[in-house]
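Each of the two complexes below includes chain A, the first together with chain B, the second together with chain C.
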Partner chain A sequence: MALTINNLSKQFAGFAALNDISFSVKESEFIALLGPSGSGKTTLLRMLAGLDYPDKGSIDFKGQNFLSLPVKERKIGMVFQSYALFRHMTVAKNIAFGLEMRGKNKPKKEEINETINRLLKLVQLEGFEKRYPAQLSGGQRQRVALARALAINPSLLLLDEPFGALDAMVRKELRRWLRHIHDETGLTTIFVTHDQEEALDLADRIVLLEGGKIAQYDTADKIINHPKSEFVFDFVGSGNAADADIKGDVANINGCEFPVVNLTNFSGRQKVKFRNYDALISNEEKGIKAQLTGIFASTGFLRFEAVDNAGHHLEIIISERNFDHSLKVGDHVGILPQKAYLF
Partner chain B sequence: MPAEISKEGNFIKPKTFRRTRIIPGFSISLGITIFFVSVIVIIPLLALLMRPWENGFSGFIDTLFDKRVFAALKISFLCSLLAALVNLFVGVLIAWVLVRYDFPGKRLVDAFIDMPFALPTAVSGIALSAIYAPNGWVGSFFNNFGIKIAYSPIGIFIALVFIGLPFIVRSVQPVLSELEAEVEEAAETLGASPLQTFNHVILPAIMPALLSGFSLAFARGMGEYGSVIFIAGNIPYVSEIAPLLIVVKLEEYDYAGAASVGIGMLIISFAILFVLNLTQQYFAKKGL
Partner chain C sequence: MRRKAAKRPEKLTDYTLIIFAFFWMALIIFLPLMSVLFNAFKGGLPKYLETFADPDAMDALKLTLLVTAIVLPLNIIFGIASAWAITRFEFVGKTILLSIIDLPFSLSPVISGLVWVLMFGAQGWFGEFLQAHDIDVIYALPGIVLATLLVTLPFVARELIPLMDDNGTDEEVAAVTLGASGWDVFFRITLPNIKWALLYGVLLCMARAMGEFGAVSVVSGHIRGLTNTLPLHIEVAYNEYNTIGAFGAATILVGLAFVTLAIKTILEWRYADELSAQHRH
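And then the complex of A and B:
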C-alpha cells in the first residue's frame, strides 16, 4: 500500500468534518473522493497536502508519517480548484517555480528549461511558454496548473475539483486526457469531485463520503451495482421506490416477480428501490399500476414519467430500440421492475 | 410585410439607432476631459510658472538656493520620503492583518484607518502636538531621555506618517483581498518558504498598488501643511517645511519668492511621481 489513512477525524466548531476515516491506496492508483458539498472531501484532500490538520488519526505514505512533515517536504503535486496560477509570471515561470525555489539545490538552467519543455509537450501547450495566465482559456490554465504541479516530480498528485470551472465539452476532453497522463506517469493520484459521473468514469476506486464518513470505498462497478446503502444508491444515479412483498431474494409486486438485492434480510412488505433503467413498461395488469404523465425523447433513449395510484412519481428510461410506439401520455400501464434493492 | 415598404415609391426608411454608450460620445467626453484638466490643473500650474520671473532668472535661482529655502525643501523632501517609506512597511502589515485575520473590533480598526484622511488637518495637528509636545504624554516620556519629538524634524516625520498611512493601506488592501489564499498555498506545496512566497508571489502582485500608494503618500507629505506646522515648531533651518515658507513669503508680499519655492516643490514632486509612474508601467507590461 502506498498510502494508508487511519482513523482520521476533524471537528470544525462542533461539527465533525471528518469522522473516523480509514482507507488505503495502492501505488499508481487513481482515486476519486466523491461526495455532496459538506461531506468533507476537500478537507481530506487538504490534509493529505498538509494544508489542514486532523484532530486524530494518521496518514502514512510509503513509510513516512505524513502528519509530521510540513507541506514543502511532502513533495506533493497539488492542482487547486481556482488553479492558483501566479498571475505575474509567464507560463514557463509558473511551471519552473517549484524548481527555482530550491535554493542551493536548484537544478541547472538547462535542466529547468528541459523540464519546462517536456511538461509543455505533455500538457500540449508548446509555444505558450511566454504567455501570461490572463491570456489563456480556462482549460489551458488548468493544464498549466497541472504542469506546474508535475514539475517538482511529485510522489503523489492531488487535484481539487479539477474540472469544476470548465464547460461541458472541455470537461469531457480533459477528463480523458487526465486519465491518459495518469497512466503515462504512473503517479498515485487522488482527486476531489462532486460529480458522480466524473468519478465513476475516471477513477480506479471511489471513496464516497457522506457527512464526514466513508459511505462506500469501491470500484465504479461495485458502487453502481452493489451499493451498500440507500445514500450510495441515490447519490450515483436516479431511482424509484415501490412497496413489494419480499421472500428471500425475490420481490413481488402485483404478480410481477423480480430479484432483489436484500441487504437486510427483511421479509414481508417492504420498500424497495430500483434504477430508472431497470424496469419495463407493459399494458398488462401487472407490476406497479401507474398512469403515464409524460414521454420525452432523448439521444438513444426515451424517458417516461408516470404517477402510481398513491400519487408517487416514477421515472423510467427505455432504449429507443425497445420502445413500444403505441404508448401515449395518459395511458394506464403496469411498470415491471427487473432488479431492485432493499436497504 | 410592413405596410410602408409594400407601397412602391413611398418607402419610409425605418428609424435606426446608433448603439448608445453609457458615457456620451467620444468627442463630448474628451472635450470635457481636456477642458477640466486645463482649467483645474494645467492653467493654474502655468500661472505658477509665470510668477517667479519678476526678479529675473537669477532671482529665481537665488531664492531657490537661499539657505533657508533650500533647508526647508530638503526637510520637506526627506521627511516625506522617510514617512512614505515607513508607511510602506507598516501599511502593508496593517492591510495584511485587516484582510487575512478576523478579530473583535476589526471593523472599528478598519474605520479608524481613514481618520487621518477625514480629519481637518489642523485638528490632526493640534491632536499630535498635544501628545508629542514636551509636556504631552509621549513627549514628556521621551523628554526624560533628552529626545525632543515635537518642534524637531522627528515631529514632522511623525505627522507625515500619520497623514500618509491611509494612502498605503487603502491602495494595498483591495489587491491583497483579491489575492486568493490558494495562490500562497500553491507556492507552499511547490516547496517555497514563507519568505520566498512573500518575495516571489505576494510582493509582485501588490507592487503596482504599493507604488501608487507610495506616490500618493509622498505627494501628500510634500504638500502637507496644517497637521505639520503645530508640531514642527517651525524653527528656520531645523524644522521649517517648504509649504510654511511659502505662506511666510506670501505674508511678506514676496509673491515671486513664494512662487519660486512652489516651483521647487513642483519639480521635486513631479520627478518622483514620474519615476514611480515609469516603474508602474514596467510592472504593467509584466501582465499585472
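And then the complex of A and C:
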C-alpha cells in the first residue's frame, strides 16, 4: 500500500468534520473523494497536503509518517479549484516556481527550461510560456496548474475540485485528459469532487463520504450496483421507493416479482428502492399502480414521471428503442421494477 | 462585462455641465493654489529664495521630513500586518478591529492631538511619571510623531485590505505546497500582488503626514526651530505678516502635493491596468 490512513478524526467547533476515517490506497491508484458539501472531503485532502491537521489518527505514505512532515517536505503536487496560478508570473515562471524554491538543490537553468518544455508539451500548451494567467481560458489555466504541480516531480498528486469552475464541455474533455495523464505518469492521485458522475467515470476507487464518515470505499461498479447504504444508493443516482412483500431474496408488488440484490434477513412488507432505469412500464394491472404525469424526451432515452395511488412521485427512464409509443400522459399504468435494494 | 462607454456631449446642457465642472475646479482648487505661487513670487525670485535661507523654515522642513520618515515605516508595518491579520484569519473582534482602523478618518484632527495631551500632558494620566523621569512627549518630537501616527494610521491598511481580501489565500497556499518558506511566500507572492496598492497607500500616507496641521498643532507647542513642522511654520509666518515667508514655505507643501499627485496618477494608470488584467477572463 502506498498510502495508509488510520482512524483520522477532526472536530471543528463541536462538530466532527472527520470521524474515524481509515482507508488505504495502492501505488498508482486514482482515487476520488466524493461526497456532499460538509462531508469532510476537502478537510481530508488538506490533511494529506499538510495544510490541516487531525486531532487523532495517522497518515502513512510509503513508510513515512506524513503528519510529522511539514507541507514542503511531503513532495505533493496540489491543484486547486481556483487554479491559484501566480497572476504576476508568466506560465513558464509559474511552472518553474517549485523548482526555484529548492534553494541549494535548485536545478540548473537549462534543466528548468527542459522541465518547462516537457510539461507544456504534456499539457498541450506549447508556445504559451510567455503568457500570463489572465490571458488564458479556464481550461488552459487548470492545465498550467497541473503542469506546475507536476514540475516538482511529486510522489502524490492531490486535486481539489479541479474542474468545478469549468463549463460542462471543457469539464468532460479535461476529465478524460487527466485520466490519460495519470495513466502516462503512473502517479498516485487523489481528487475531491461532489460530482458523482465525475468520480464514477474517472476513479479506480471512490471514497464516498457522509458527514465525516466513509459510507463506502469501492470501485465505481460496486458503488453503483452494490451500494452499502441508502445514502450511497441515493447519492450516486436517482431512484424510487415502493412497498413490497419480501420473501427470501424476492420482492413482490401486486403480482410483479423481482429480485432484491443485497440479500437481507428482512421479510414481510418492506420499503424497497429501485433505480429509475431498473423498471418497465406496462398496461397490465401489475406492479405499482400509477398514473403518468409527464413524458420527456432526451437523447437516447425517455423520462416518465408518474404518481402512485398514495401520491408518491416516481421517475422511470426507458431507452428510446424500447419505448411503447402508445403511452400518453394521464394513462393508468403498472410500473414493474426489475431489481431492487433493501436497506 | 463592459460598462457602456461615456458618449460625446451633444446638447447645450451637456456642454454647460462640462464647463461648470471646469469652472468650479478652477474656482475652488486651481485659483487658490495659484495665489500661493503668486504671493510667494510677489517680491521676485531672490526674495522667494530667502525663504530657504530662513533657519526656522529649514528646521520646520527637517522636522516634517523626520516625522514623516518615522511615521511612514511604522504605518507600512502596521498596515501590512493588520491587513494580513484581517484578510487571512477569522477571529473574534475582527469587525471591531476593522471599524477602529477607520476611526481616524472620521475623527477631528484636534481630537487626534488632544488625546495625547490627555495621556502624556502635565495633567495627563502618565504626566507625573513622565515628569519624574524627565521624558518629554508633549511639546516634543514623540508627541508630534504620535499625533501624526494616529491621523495617518488607516491609509496603508485601507488600501491593502480590499485587495488582499479579493486576492484570497489560494496563491499563497499553492506556493507553500510547492516548497516556499514563509518569507518566500511573502516576498514572491503576496508583495508582488499588493505592491501598487501598497505604494499608493504609502503616498497618501506621506502626503497626509507632511501636511497634517490640526493634530500636530495641539501637541507641538509651536517652539520655533524645535517643534514647528512646516504647516505650523506657515501659520506662524503668516500671523507675523511675513507673507512671502509663509507662501514661500507653502510652495514646498504644494510642490510635495503635486509630486504626490503625479506619482499617484501614474500609479493609478499602471495599477488599474494590472487590476483589469487580473480580472480579465
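FYI, the second predicted complex is superposed on the first by the 340 of 343 C-alpha atoms of A that agree within 3 Å, B and C clash if a C-alpha of one lies under 4 Å from a C-alpha of the other, contacts with A are read in each partner's own complex, and residues count from 1 in each chain.
In this section, a contact is a pair of C-beta atoms (placed from the backbone, for glycine too) under 8 Å apart; a residue touches a chain by one contact, two chains touch by 3 or more.
Remember, it's a predicted structure, so these values are computed and weren't measured experimentally.
Novice: Label the relationship between chain B and chain C on chain A in the superposed model as either fit or clash.
Specialist: clash
Novice: Applying the touch criterion given at the start, work out whether A:Leu51 contacts chain B, chain C, both or neither, answering first, second, both or neither.
Specialist: In the superposition, A:Leu51 contacts both chain B and chain C.
Novice: Considering only the touch criterion stated at the top, classify A:Asn322 as touching first (chain B), second (chain C), both, or neither.
Specialist: neither
Novice: For A:Met101 in the superposed arrangement: first (chain B), second (chain C), both or neither?
Specialist: A:Met101 sits against chain B and chain C alike.
Novice: Pick one for A:Tyr132: touches chain B only (first), chain C only (second), both, or neither.
Specialist: both
Novice: Would you tell me the residues on chain A in contact with chain B in one complex that are also in contact with chain C in the other?
Specialist: The answer is residues 49-51, 71-72, 76-78, 80, 82, 84-88, 97-98, 101-102, 132, 134-135, 148-149, 152 of chain A.
Novice: Which residues of chain A touch chain B in the complex?
Specialist: For this pair, the touching residues of chain A are 49-51, 71-72, 74-78, 80-82, 84-90, 97-98, 101-102, 132-135, 148-149, 151-152.
Novice: Considering the complex alone, what residue numbers of chain A touch chain C?
Specialist: Within the complex, chain A touches chain C at residues 49-51, 71-72, 76-78, 80, 82, 84-88, 97-98, 101-102, 132, 134-135, 138, 145, 148-149, 152.
Novice: In the complex of these two chains, what residues of chain C are touching chain A?
Specialist: 168, 170-171, 173-181, 184, 188-189, 192-193, 277-281
Novice: Report the residues of chain B in contact with chain A in the complex, numbered from low to high.
Specialist: 180, 182-183, 185-193, 196, 200-201, 204-205, 283, 286-288
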